[in-house]
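We just call them A, B, C, D, E and F in the order they show up, numbering each chain from 1.
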Amino acid sequence: MSDHEHSGDIKKFWEERGQLNELVLQKGGLGIKRFFSLDHQVYQEGALSVKTKELLGLVASLVLRCDDCIYYHLIRCHEEKVSDQELEESLAIGLIVGGSITIPHLRRAFKAWEDLRSGKDLKTD
Amino acid sequence: MSDHEHSGDIKKFWEERGQLNELVLQKGGLGIKRFFSLDHQVYQEGALSVKTKELLGLVASLVLRCDDCIYYHLIRCHEEKVSDQELEESLAIGLIVGGSITIPHLRRAFKAWEDLRSGKDLKTD
Amino acid sequence: MSDHEHSGDIKKFWEERGQLNELVLQKGGLGIKRFFSLDHQVYQEGALSVKTKELLGLVASLVLRCDDCIYYHLIRCHEEKVSDQELEESLAIGLIVGGSITIPHLRRAFKAWEDLRSGKDLKTD
Amino acid sequence: MSDHEHSGDIKKFWEERGQLNELVLQKGGLGIKRFFSLDHQVYQEGALSVKTKELLGLVASLVLRCDDCIYYHLIRCHEEKVSDQELEESLAIGLIVGGSITIPHLRRAFKAWEDLRSGKDLKTD
Amino acid sequence: MSDHEHSGDIKKFWEERGQLNELVLQKGGLGIKRFFSLDHQVYQEGALSVKTKELLGLVASLVLRCDDCIYYHLIRCHEEKVSDQELEESLAIGLIVGGSITIPHLRRAFKAWEDLRSGKDLKTD
Amino acid sequence: MSDHEHSGDIKKFWEERGQLNELVLQKGGLGIKRFFSLDHQVYQEGALSVKTKELLGLVASLVLRCDDCIYYHLIRCHEEKVSDQELEESLAIGLIVGGSITIPHLRRAFKAWEDLRSGKDLKTD
């Protein structure tokens, strides 16, 4: 498997997410729309910083083992200037809480983070 | 990502399911065969309609976050003439019970439902 | 263990739920309050009946293995005049989807249903 | 908390299990009865010994974090003469696979095993 | 249910945890001991503060729905001077990620936090 | 879908696993490295054979529904000369414990086992 094959994962996720979110909000009723709005609100600045909240979302996604959710929070963590070490410490906590069953997701998380850090711009690339 | 790439997901699932179920029933022992039979029986008409039972299977699959199981029950819901609104209300319950971690599956469920509703025949297409 | 010890489970749950929900709504912020409201709305009458929606909530709770959630939906199913056979068929689907790991919850669900059906009134008993 | 309070857990589980299984088989339909039968059959002697199968059931129960299921398989492991070291190695695998979230169950598993090994007879005590 | 019955939950957890951890470390082999040590290390000060790490552990515990793990991290959060609002925002994220199935744990978390904040000392009370 | 498309799954997993594990160990801190080491140690020969331990890892992976983890333990089971019947009995236990939600993973497990048994060498093919 070439690097090229790997590096597309997070970009592919981002495009698919945008397209399908449109579909969900078009087809979904009031309950689903309100949930999506709420899902946005809880990550806003408060007593905790946006950065801390994104790390909370990331670790929750890792222990629940959802690649798409992990990719989303990695993108947001990157935007919020999370450092390599802050990310590593967060993933380490997720690994210990969730056990070896999280390792396949941990592998893909480190790869996606490397892609994000290497300057691949999701929006313009 | 083109619509074409998306639309193949549920069709691909259906073909793979057929092929591999054959393999499982060929290699599996009596316990596995009996489980598969039981898995068929519990969705048969009873005090509850087949349609209601398929919705139960769908919501269980959404909160447990299994795409293949969701696709299977969406195909069955489509065959049982579940309406768009009945489907939406069922998925909304799954989303509230299971939380934002189910959203990637919710997205793919709405896309697969759209494909099924747009007349793409899984068996003859 | 006497019947007396068993029969208190669902009543105890109901009392604790009332007290602690008050606390959550008093201490929780806007996000939590809105989620609680949404959690109420998705079970309202729509294209699907309230009864069907409560069965969806029940099966989701069984496969996710949450006793308190199961008890809540059993109480609501009882209020919505779900029959013994409708309940049994719903629990059977949950058991097949979720496997033997759900059996301890299945046991307590049948016991709680028996208590509800035997006329023990949660609110005045 | 006295030892007395602790030691009753597995005995209490065993009594409740017996009573409620009767209720489930009385109220449950054919699907549930067949599942219970199947759940018995897969642990019978085959290419794998009964002992190995009980260890498989134990580790599955630990990673899925179900105390009642863990207690059941501990009782069966004890009957099948599983040694302390065999048990410890199995639980260690469950802990590594499932992570720190399994620790509360691991604690209660070691306590229940100690009770079983100290000669407390579940059936006649 | 009186306040007295409620308030004992977190204290009871703490005592049981101490007793049973001793048993685990006495009976457990090298693998289990090393895991327990690792579980301690990942929450130490690093690029992220101890407080942030405890919030990560708390939210992971909430979405995985483990009361004992939630209680443990609440006690640690209290020691690390987490404010009411920081706690509420963390729990809100856990609720949105994990859905209504986490609500019973959310209720008990708010109750335990109230007990901790009201000055009940776990070690000397 | 041709056999060719299927047969590549386990080989693709193996290559990706090797590449990404290198990345994880390069970017991961001491906690992650120690966990990986521990994850290796618990499967070593002890009171239980390596073969039995791999079956424990396999069933844990099936009930937790992680394809990559299942593939890894299938490869190891194949190396440890697990027989077809031993494998089938282990998977049957996983299916009964975990329920129909595990079936998509069961299908892929039987397919991967067939590939391994048909002599496709992961390392030199």
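Everything that follows uses one rule, which is that contacts are C-beta pairs under 8 Å (C-beta built on N, C-alpha and C of every residue); 3 or more make two chains touch, one makes a residue touch a chain.
As the structure is a computational prediction, the values presented were derived from the model and not from experiment.
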In this assembly, which chains make contact with subunit A and also with subunit C? B, D, E, F
Quickly list, by label, the chains bordering both subunit A and subunit E. B, C, D, F
Cα-centroid distance, subunit B relative to subunit E, in whole angstrom: 38
Cα centre of subunit A to Cα centre of subunit B, whole Å, reads 26
Roughly how many whole angstrom separate the Cα centroids of subunit E and subunit F? 33
Among the residues of subunit A, pick out those that touch two or more other chains and give their numbers. 31, 35, 38-39, 42, 60-61, 63-64, 69, 85, 88-89, 92, 95-98, 100-101
Taking the touch definition from the header, please name the shape of the chain graph: line, ring, star, complete or other. complete
What part of subunit C is in contact with subunit F in the complex they form? 63, 95-102
Using the touch definition up top, name the residues of subunit F that touch subunit A in the complex. 12, 15-17, 19-21, 23-24, 27-29, 31-32, 35, 39, 60-61, 64, 66, 68-69
Show me the residue ranges of subunit C that touch subunit B in the complex, using the header's touch definition. 38-39, 42-43, 46-48, 52-53, 55-57, 59-61, 63-64, 69, 83, 85-86, 88-90, 92-94, 96-98
Residue ranges of subunit A in contact with subunit F within the complex: 1, 6, 65, 84-85, 88-89, 91-92, 95-96, 100-101, 103-104, 106-108, 110-111, 113-114
Contact set on subunit B toward subunit D in their complex: 30-31, 34-35, 38, 41-42
